[in-house]
Amino acid sequence: MNQNYLLGKRHNILGWTTFFLVCISLYMIFIVTPTDVRLGIVQKIFYFHVASAWNAFFAFFIVFLTSIMYLVKRDRKYDVIAVASAEIGVIFTTIVLTTGPIWGRSSWNAWWVWEPRLTTTLILWFIYIAYIMIRMSDMEWEKKSRLSAVFGIIGFIDVPIVFMAIRWWNTKLHPVVFGEGTDQTGGGLDTIMLYTLILSVFTFTALYFYLLQKGIAIGNMRNKVDEIKDNFKNAI
Amino acid sequence: MINALKAVIWKDIIMEYKTKQMTSSMLVFSGLVIVIFGFAFELSIEVLHKVLPGMIWVAMIFSSILGLNRSFMLEKNNDCMQGMLLLPCDRTIIFLGKFCANFLFVLLTQIIIVPGFFVFFDYRFQGGLGLLVLILLVGTIGFIAIGTFLAALASNSRMSDMLLPIILFPITVPLIIAGVQSTSLIFQGQGFDAISQWFYLMLVFDVIFLVIPYMLFDYVMEV
Amino acid sequence: MLVAEQLEKSIGGKRIIHPISFKVTRGEFVTVLGPNGAGKSTLFKLLSLATQPSKGKIFINGSKATTLSSNLRKEIGVISHHTFLYDNLSALENLKFYGQAYQVCDLDKRIKEVLRFVGLQLYIHDPVRTYSRGMQQRLSIARAILHNPSILFLDEPYTGLDQHAIQILNSVLQSLNKDNRTIFMITHNYEEALTLSNRLIVLTKGKVVYDADTSGIKAEDFRRIYLELVGSEKS
């Protein structure tokens, strides 16, 4: 991923691949997999929910990696990737937090449950927002990049600790163990559902990378425009 | 190195002694929290029993934010931070020094406010006092450690007082959960075994968020 | 003495300081002049070890100096247009803080010495916020020389000073220079610079365009040269 704002052939290939994956996934989700007996069609939100959740955390992992790389190498391209990944990460996290309650309302009759994974995702959302707030503050870009990189590292290290804490808290307060499976009652996954789930995760990951490339291109464009503006100002 | 550390801590203590800015605002704010909780909730003895641990932590967290912000705002005046960066020592001494001073001020506030809670709500504390002190100490250390670090980070922005709570609270969620849960158990009269899990979590948090900031402080302080 | 070797600084791909090399020998009083945006502050931050150069090296008293050379910071004193002083503390408390941190021996005696040197010994216990701007600047000098640095860096020290304060600052600087202390100053004020320094450097757009001894140069001549150098860069 170079500091280019022109998206080349590889990006288009990725775009079409993602498109096909999405089509296949939707077909699998809505046509092929059986509808859940108890929950009905709402259960299918599970595929989107899990796939988004995976990407929400994966995106933050990318933020973590690029933050470290930026602090070590001070190459602006890492900063551009970090920002793009964070913005996409927020979107995926928001999807998790909206699909969760929708699913929860139908399966547990509660809009929100303080279930460990969902609650950790909520905290992740706040950490993302904190990261973006640092980026939105009024500092020169070099400082902003450096400080948000530091926060990216701190935030990522914190996430596992948050999960552990919420999990322990949860088991003491809500002794009902939320098991695996689509309706969270501990039942296993049908093979076809498992494959569809894996496909969904894959599809969303492809989507993540596609959006990431776009985000990087936009980031580079933004930086270039700022540079041109600065040169203009200096010339006057 | 030690000399610089002592100098930084001493300087912060003398500043606070002269102005009493941090401790007074933290005390007053905590007091107001007590009053507002008094009005906000119907506090019968059963409810109080359940809710008091949380209230103590809420008061500590929100009042500490005031103090932490101020801690670095003082250094912005006359660019004193630059003066400290010139000192012939590791830059992390500044972090450690500020951490020690902030910890001291928050501790002083807590010594007054926690009994204050018991007095105002007429609550007879029957748990292990030593355990309560231990948990409050361990929790405060962790909160002030990462708090001092993020306050330094936030002080680079003009909206630092808005930024600090937003970046600090999500990170300290484990500490808050562990603190409130273990304090609850202590209020119920439980011993160390019951709270050991939470205690060790807080300890791990403290260590991680003293070491990581120590390593990253130089990056925050670059000019 | 201070050596800069092929010093370069870029921020975000934009070169602020083009490769600069120069040597400052012990006891020299060098002033760097230049228009806004020339890179004077950046050069200052590089030499006072506040910022890391993108390329190049700095040597202070023979040792390689980086932003992490905490020991070498003992050799440097910095006076900026900010005073680095705590308004609510007294002169004594401020100097005690810096003295302890710099591990100055015989601190109490040294504090009295520097305060007498800048003429503030009567105000030792007064909080700094009660000082006038000129007095604050003098106390800032006291703070900077407390640990007896061999090199003094000054960044626009005349900002906000009235004539009287400027005179005091000048006499203080002259005595410091007589002590064989190296002084490196950045300022707009070339009249004072001509009187005080024995070497002038002009910086424009990150490059050194003039570097010469001040002996024998008249103020009007230099003014002409300076405006030419600065004007030519703008066109």
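Just so it is clear, A, B and C label the chains in written order, and each chain counts residues from 1 on its own.
To be clear about the criterion, a contact is a pair of C-beta atoms (placed from the backbone, for glycine too) under 8 Å apart; a residue touches a chain by one contact, two chains touch by 3 or more.
In this text the structure is predicted, and so the values were computed from the model without any measurement.
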**OP:** Sort the chain contact graph into one of these: line, ring, star, complete or other.
**Re:** complete
Original post:
With respect to inter-chain C-beta contacts, which pair, A-B or A-C, contains the greater number?
Top reply: A-B
Original post:
By C-alpha centroid distance to the whole-protein centroid, which chain wins?
Top reply: B
**OP:** Please compute the C-alpha centroid of chain B, do the same for chain C, then give the distance between them in whole Å.
**Re:** 39
Original post:
Any idea how many Å lie between the Cα centroids of chain A and chain B?
Top reply: 32
Subject >> Separation of mean Cα positions, chain C and chain A [Å, integer] >> reply: 50
Original post:
In chain B, what residues contact two or more other chains?
Top reply: 222
Subject >> In the complex, chain A residues that touch chain B >> reply: 71, 123, 126-127, 129-130, 133-134, 137-139, 143, 146-147, 149-151, 153-155, 157-158, 161-162, 164-166, 168-169, 172
**OP:** Flag every residue of chain C that touches chain A in the complex, lowest number first.
**Re:** 11-14, 37
**OP:** Please give the residue numbers of chain C that touch chain B in the complex, ascending.
**Re:** 45, 48, 50-52, 67-68, 70-74, 76, 78, 80, 82-89, 93, 97-98, 100-103, 127, 143
**OP:** Spell out the part of chain B that touches chain C in their complex, as residue ranges.
**Re:** 3-4, 6-8, 10-11, 14-15, 18-19, 74, 77-80, 82-83, 85-90, 218, 222-223
Original post:
Which of the residues in chain A come into contact with chain C in the complex?
Top reply: 76, 141-142, 227, 230, 234
